[in-house]
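The same subunit A turns up in both complexes below, where it pairs with subunit B and then with subunit C.
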Partner chain A sequence: MAQTINTRVTRTDARRKVTGAATYAADEIPAGMLHGALACSSIAVGTVTSINTSVAEAEPGVVAVYTHETLPDYKTVKGFYAGGPGSASFWPMEGTEIRYAGQPVAYVVAETAAAARRGADLVEVSYEEGESRIHMTPDDSFVVGAGEDSDGMILDQGDLQAGLDSAAQSVDMTFTTPFQHHNPMEMFAATAEWRGDRLTVWMPSQSVRTLRAGIAGAYGLPETSVRVISSFVGGAFGSKAGITPYTMLTIAAAKGVGAPVRLIVTRPQMYTVATFRPESEQKFRLGADAEGRLTAFEHIETAQTSQFDMVVNAGTHITRAMYACPNIRTEQRLSRSDTNTGGFMRAPNEMQTFWGLESAMDELAWKLEMDPVELRRVNDAREHPTEGVPFSSRSLMESYDAVAQSFGWADRGREVGSMTDGDWLVGYGCATATYPTNILASNARVRMQASGNAYIALAAHDVGTGTYTIMAQVAAARLGVPVEAVDVVMGEASFPVAPISGGSTTAASAGSAVHDGCMKIAQQVATRVSAMSEGPLSGVDPAQVTLDDGTLRGPNGQSQSLAEALSMLPEGEVEVIGEFRHPALTNELVAATFKGGYGTAGPVTPDFAMFAFGAEMAEVHIHRYTHEIRVPRLHGAFAAGTWLNRKTAHSQLLGGMVWGIGSALHEVTETDSARSRFLNANIAEYLIPVNADIREVRVEMLEEQDDYVNPLGVKGIGELGIVGTAAAIGNAVYHATGTRLTSLPIRMSDLVST
Partner chain B sequence: MRSFSYSSPGQIGDASDAARESGAQIIAGGTTMVDLMKIGVIAPDALVDINGLSDLEGYAVAGDRMRFGALAKMSTVADDPAVIDAFPALSESLWKAASPQLRNVATLGGNILQRTRCPYFRDTAYAQCNKRNPGSGCAALEGGETNLHAILGGSSACVAMYPGDFAQALIAFDAEVVVSGAGGERTIPFSQLHVQPGDSPEVETVLEPGEIVTEIVLPVVPAMANSTYLKARDRESYAFASASAAVGVAMDGDTVSDVRIALGGVASVPWRATDAEDSLRGQPLTEETAREAGRIAFETAEELEGSAYKIALGADVVAGALMQVKSRMGGE
Partner chain C sequence: MSETPPDLTRPGVSRRGFLQGSSAVAGSLGMAVGAAEAQQAEPSADARTIALTVNGTRRHVTVEPRTTLVEALRDTLGLTGTKIGCNQGQCGACTVLMGGTRVNSCLTLAVMAEGTEIVTVEGLADPTGDLHPMQAAFAENDAFQCGYCTPGQILSAIACIEEGHANDAVEIREYMSGNLCRCGAYPNIVAAIEQVRDSEQG
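Our next item is the complex of A and B:
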């Protein structure tokens, strides 16, 4: 058999995707379907005093115009941060209250999408406007769970002040990051079809089982009466994780008009009806002795949250795992403002915090007159600095050494401003990347036939990352069949339980369930053929039979291919449910996942701390007249256990680094502070890198063995690539110019001498 | 988008007649117009499609006057080696605009009439926009963000920025536009086509209802061949200018005999920096004189909070463009 793991395998769905044969949620058109459109509030805070729907209702093609007074049988669910499946705790159109700009105030159903949107434009809403504030204010912030400290929102270990006092060099710096939006290519969409008390919902989702559990619970239906289908997802990045109002509104509207309704949310509305990356402030105080060993480490993160939820993406829990230090203090704070509730956006705990941490580390290295790579080396931790358990594997310095080699780090000028290229100032910078290894329970149905075909079904999702392909690879490797012989179906809530596609968990957790299913098939087949009077494995102890690349092997060299053994069974096939239950998964965590929630163990278990690591190096050019900032080279080296598919893994890391360039230099959701609205809610004015911004991006994938994380030895990589990129670029800007920038994105306006 | 009627006249006179009707809107490439219709900023009753007027597609750069038909595509003109050779700033101002897809359909005539990207103009959730809704106020100036706005040629009613690139190459080199309407044909200096906002920002040009831009004409001067368009923007492509400069220089020995400087990304209308030009004429072209010209170009700029950085940036871009021309001419 050809190698199917740790090799480059082209996506099994590539052809379907490029030919349009892959069906995304909005491609499903049930018979008699009508079209929905949202009308959204123009104010951020206040009250709806009246809504005139008569003009909209008179528009040709409009079937119904629903408001908070007229939408029938509209149900809502609890918000995620209150322990529910919803994207936010506050639901629009339950009453007259407006709590964020762009909040849905009316839902129009029409015969065409164009008529629905025209109708939405014609809904006339009057408001009484209240005072609002869109930005967080660190002066008005609070610690989550203060007093109880149950979730480690404040951690104080050692004596920070003593560590600062004894330091040879120290830094005290404050960094900020802006609101950002995910902007997946595929728009938010939901199609709802009721047939009596049975409901089908098609929508792009990172968690079909969360959706089904939430919807069924809200309507008091058994889960078997609700189908949720999300076969392909055109990018999610955290934006399609929870149940958002547009889905529940569409379900209610479909019930109201007695016909299937499809809503495709417009791009500007996508900025307000779902989640985003909250803005944040990152305060760091670091101290080090003359050799660079950290004597003090303090990180206070303050993140924006809505008035009605507490979005806790605890970045301090990640930063404090990075470097060895006896005196560590971290604090996790929130500040409220008048927006919808934010949420997860690719590397939700790490992108903002590593911009701060790794910039502060760079500043410390300059103060110490030390190579910033060496500063990381002397502080490389072998055990988790605050949890006291060893890392299950940690290849941070291997990553630095590999990327330094590939990048040519040794060739850099040692002084600020010492490198130029024509009219361009040149700088080099580096930063650490990490991502926690989260572990969730998962099942997978695995069936193998004597023909050599295998079938896999699970309620996982391919959010564009290649999950269909890697699930097939895992089965192919174990069962000894070609990848093409494995048919994988996913994205439907009725399939066996699989994790939410968030926190970089699917490959590791769902892949391990597929692995277990293959092993179970081998055991069942071995048991049955060993009990037969003939055949190569007749009479062997089935407990001693192993599965090796599709071959069953007995203790004394007996062997038989799995396919041949299956042909001896009257069924000609065996079907099992593979299960992944990592020893660190408590019953409560397993139960949470099976109820549609996010029951993650890790990154710290009683035995180990589990993280993937990497290092990135950037070359930045800054034009001496235009002050334009460009990144001609970005190199990264990463270690994340076993690489299942070197091609899709490479794409994930590369894509993360490209996004990191965007986070560093381009991405910001502009705000109108006077009226608390997002201003650039479209992808012409919300800048992301274009092809011309991406020059050389190189990814080195290091080998790493980790037998603890899961049977496959896999760590999640979906978010690893973006972490550290912004700091590597910011540090390179400092090297080129001597200007230390502390707010993202870094723009040429920051580098103009005023 | 509202429903509208559509016509595609074959003769310019018919097109002009149709466009003179109340609620009518001329459409060519449509790259701005369709966008604005989709987001509800404009809602014409009738679209008059002039793409059928194929006489307006031609252009010629030979002779003592360059002539560009209003329906010539941005990409066609930008990529023409004769244009690149004779007037690099014009080619560069076109290919540094928008994206290849847009340049393939956008026309020169439509491009010069491109509307502002002021976010308050483009978001109808804002009642306040004197340009979109005369007399309603200016959300940008009333506590809003002003980082995309004009520091030159704005008014207390409107600080919307003219976003185009091509126009800077035109105004720097004394272009004229030929327009056709009910009163027949007339020629307007390009510098007089656009109108500063003053008290009535809804009026953006001197075009009469039904008047159609048919041709852009430029007198050929030596400085055209030594010209460039330098555009500073936050990403490498597909971004509006934070500041830009179209410049051209002719030298008489060691001193500047003719110089053209126009500024993009900073003004309410296409903007010629004549004082900066005056400072250079008769002077040697050095880093010092170039930087001085840049400084003078922004002497009258307003200190608009969000766009304050553009004063220094714009001056640097002018200096950079002049030095780029100098180096292309074989200077040190």
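Our next item is the complex of A and C:
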């Protein structure tokens, strides 16, 4: 049997993806489908005084124009930050209030997409405009939940001031990160079809079960009356997690016109109808003794949030896990402004905070005249610095050593500005990457037949992460069949419970459920064949039978292939529900997941702290005269437990590093402060890396064993690659130029004085 | 080229049933009610029927002057392999070959494509199902994650070699920069193109 785990397996859905046969939500065209389009507010704050829909209604092809006054049977759900499934607490088109620019104010249904868009353009809205402010004001910020249940939002351990006073060197720095938008290539889309009281929704989703539970709840329907289908998702990165207004509006509009309606949100509208990465400020005060050991660690994060939600992406909970230090103080703050509610965007707690932390660590290393890698080494923590539990595994320094080797870190010039290449200044920089290992309950239906075919169904998603493939691999490895013999179906809410595709949880949690299903099949088959009067396992104690690459083995060397044993059963097959319930999952957490929510445990459990680690090294070239910035090389080494599929895992880490380059050099949602609008709301002026921006990106995947995280020993890697990249690049810029940059993205104009 | 024509006869909702259940305005009376019926029904006054040759098969479609090629392919012909990533000429997800040249089909009006040969991702594999070498190279090199940009990348990549713009990695990166990939599969896309280029030369 060929090895199926920890190897390079081509995606099982590759053929569908290269032939156009993979169906994304907007590719489903139910018979008689009409087209929806949104008209959105041009002001940020105020009131709708009137809407004239008559011109739009007269437009040929337009079927209906709905406003807050005319949209029938429109339902909303509670926002995520109020404990519900919605992307925000405030819902548009419930009344006349406008609370952010680009808020939907009318919904047009037409016979063609072009007619719908034209109709939306023709909706005339009058407003009374109020005062607004798009940027947060850190001076006017607050601590979430302080006083009552602070949930670690402020943490004070040891004596920070004493640590600063005793330090040989210290840094006190403030960093900022901008608004960013996910911009998955697939545009947001929803198609709703009512048949009587039964509803089908096709929508790219990171959590079909959340969608179904929320929609069914809102309409008072049994969940069995609502189908939610998301077979392929064209990238999500956190943008397709919650229930958004455009979905509920489309469901209501479809009901209103009595025909299926598909809405494809325009690229500019994607900036305001879902979530984004809030802007943030990261304040660090670090102190170290002469050997570099940290004596003081303070991190205050202030992040933007909307006027009606508190978006808490607790980055300080991650930074304080990084380095050993007796005196640690962290504070998690929010500041409100007039936008839609932000949310999770790839590494929502880590990208912004590690830009700050790892830049500050670099600055400290320069002050100490220490190699920045060695500064990380002397502060490498074996135990979580504030939780007092050991790491289940932590290969941070192994990652640094591996990447230093592949990158050639030893060739780095000791002085700032010491390396050049013709007219280019050259710099090397490094930074730490980490991502918490989160755990969610999961089930999976697993069926195996005597023919050697296996079938798996679960309500997980493939957002590009290779989930179809790795679920098949896990089953193939256990059941001893080829990967191609395993048929995996996902992306439907009616399938067995699987976690949200977020927080890098699917491979570990859903994969462990598939693993459990395979073990249960083996147990059942062993029990039945051992009770038979004939056969190689006849009479053995089934409790002592093990499953080894598709072979059942008894205690005394008896053995039989699983497929053969199955052929002795009259059914010729066995079907089970595999379950993953990590000991750290409390009943409440399991219940939350099974109700369609997110019952996440980790990264800290009573026994261990669970994180994946990595290290990245960047080479930057800055043109002496034009200040053009290039990243000719970016190397990363990562350790994240077992690699299920070295090919798809490599792509995830690579893609994360490309995102990191984007955060470092390109990505920012520009704002019009006067009108509180996002300005560059399209995918040409919101810069993301293009092919020509990406040169050598090398990924090293280290072996690591972790028996605690889950039975597969897998840690999530969907977000790990982006963490630390921006700081590695910023630190390389410092090495090349002596200019310490504190705000993202880094631009040529920041380097004009160098 | 073999091609199963899309089922244009699948039932739409009946016009009567549709109007009963809707709050449709007068302007829509007598109009087709959906994509599937668009061809048989009487669309707007300036709609016209044109012939498009897609993947070697000649098809008649009724479009308005403003109908873009991508919407004609997807919504009228049911060829949904071609993707929309921006609908404003910025991302390349909608790339198809028109007369052998790569074009953004969201920036191309359907009427402009009349009389040309259109190739979409559905037309690349040969009738026996064997993948085009570029499709096979994309699969093998994992030149995608979510796969949404992939149809456009593959057609663009074929044209990139055809144009003689695949001489080295630097040139490939430059000439493939009109096709955005948010999953960041760029190095693997370049590897796939180099592999096909080398096997063609070899």
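FYI, the second predicted complex is superposed on the first by the 751 of 754 C-alpha atoms of A that agree within 3 Å, B and C clash if a C-alpha of one lies under 4 Å from a C-alpha of the other, contacts with A are read in each partner's own complex, and residues count from 1 in each chain.
Just so we're on the same page, a residue touches a chain if its C-beta (ideal position, glycine included) is under 8 Å from a C-beta of that chain, and two chains touch if they have at least 3 such contacts.
As the structure is a prediction and not an experimental result, all values here were calculated from the model.
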(message) For A:Leu665 in the superposed arrangement: first (subunit B), second (subunit C), both or neither?
(response) first
(request) Return first, second, both or neither, reflecting whether A:Gly234 touches subunit B, subunit C, both chains, or no partner chain. (result) second
(message) Per the contact definition in the header, classify A:Pro689: touching subunit B only (first), subunit C only (second), both, or neither.
(response) both
(request) Name the contact category of A:Arg675: first (subunit B only), second (subunit C only), both, or neither. (result) first
(request) Return first, second, both or neither, reflecting whether A:Ser42 touches subunit B, subunit C, both chains, or no partner chain. (result) first
(message) Contact-wise, after the overlay, does A:Tyr625 reach subunit B, subunit C, both or neither (first, second, both, neither)?
(response) first
(request) Scan A:Gly572 for contacts with subunit B and subunit C and give back first, second, both or neither. (result) neither
(message) I'd like to know which partner A:Val752 touches here: subunit B for first, subunit C for second, both or neither.
(response) first
(message) Of the two partners subunit B and subunit C, which one touches more residues belonging to subunit A?
(response) C
(message) After the superposition on A, what does A:Asp121 contact: first (subunit B), second (subunit C), both or neither?
(response) first
(request) Report, in rising order, the residues of subunit A that make contact with subunit B in one complex and with subunit C in the other. (result) 114, 684, 689-692
(message) Which residues of subunit C touch subunit A once you look at their complex with the stated criterion?
(response) 10-13, 17-18, 20-25, 27-28, 31-38, 43-45, 64, 66-68, 71, 74-75, 78-88, 90-91, 93, 120-122, 124-125, 131, 135-136, 138-140, 142, 144-151, 154, 172-174, 176-177, 179-190
(message) Give the list of subunit A residues in touch with subunit C in this complex.
(response) 10-11, 13-24, 26-27, 29, 31-34, 57-65, 70, 72, 110-115, 183-187, 232-235, 237, 256-260, 264, 266-267, 462-466, 647-648, 650-652, 654-659, 682-684, 688-692, 694-697
(request) Spell out the part of subunit B that touches subunit A in their complex, as residue ranges. (result) 1-3, 39-40, 99, 117, 119, 123, 125-127, 139, 142-145, 147, 230-239, 242-243, 308-309, 311-313, 316-317, 319-321, 323
(request) Can you check the complex and tell me which residues of subunit A touch subunit B? (result) 40, 42, 101-102, 114, 117-118, 121, 268, 423, 623-628, 630, 665-666, 670-675, 677, 679-681, 684-685, 687, 689-693, 747-749, 752-754
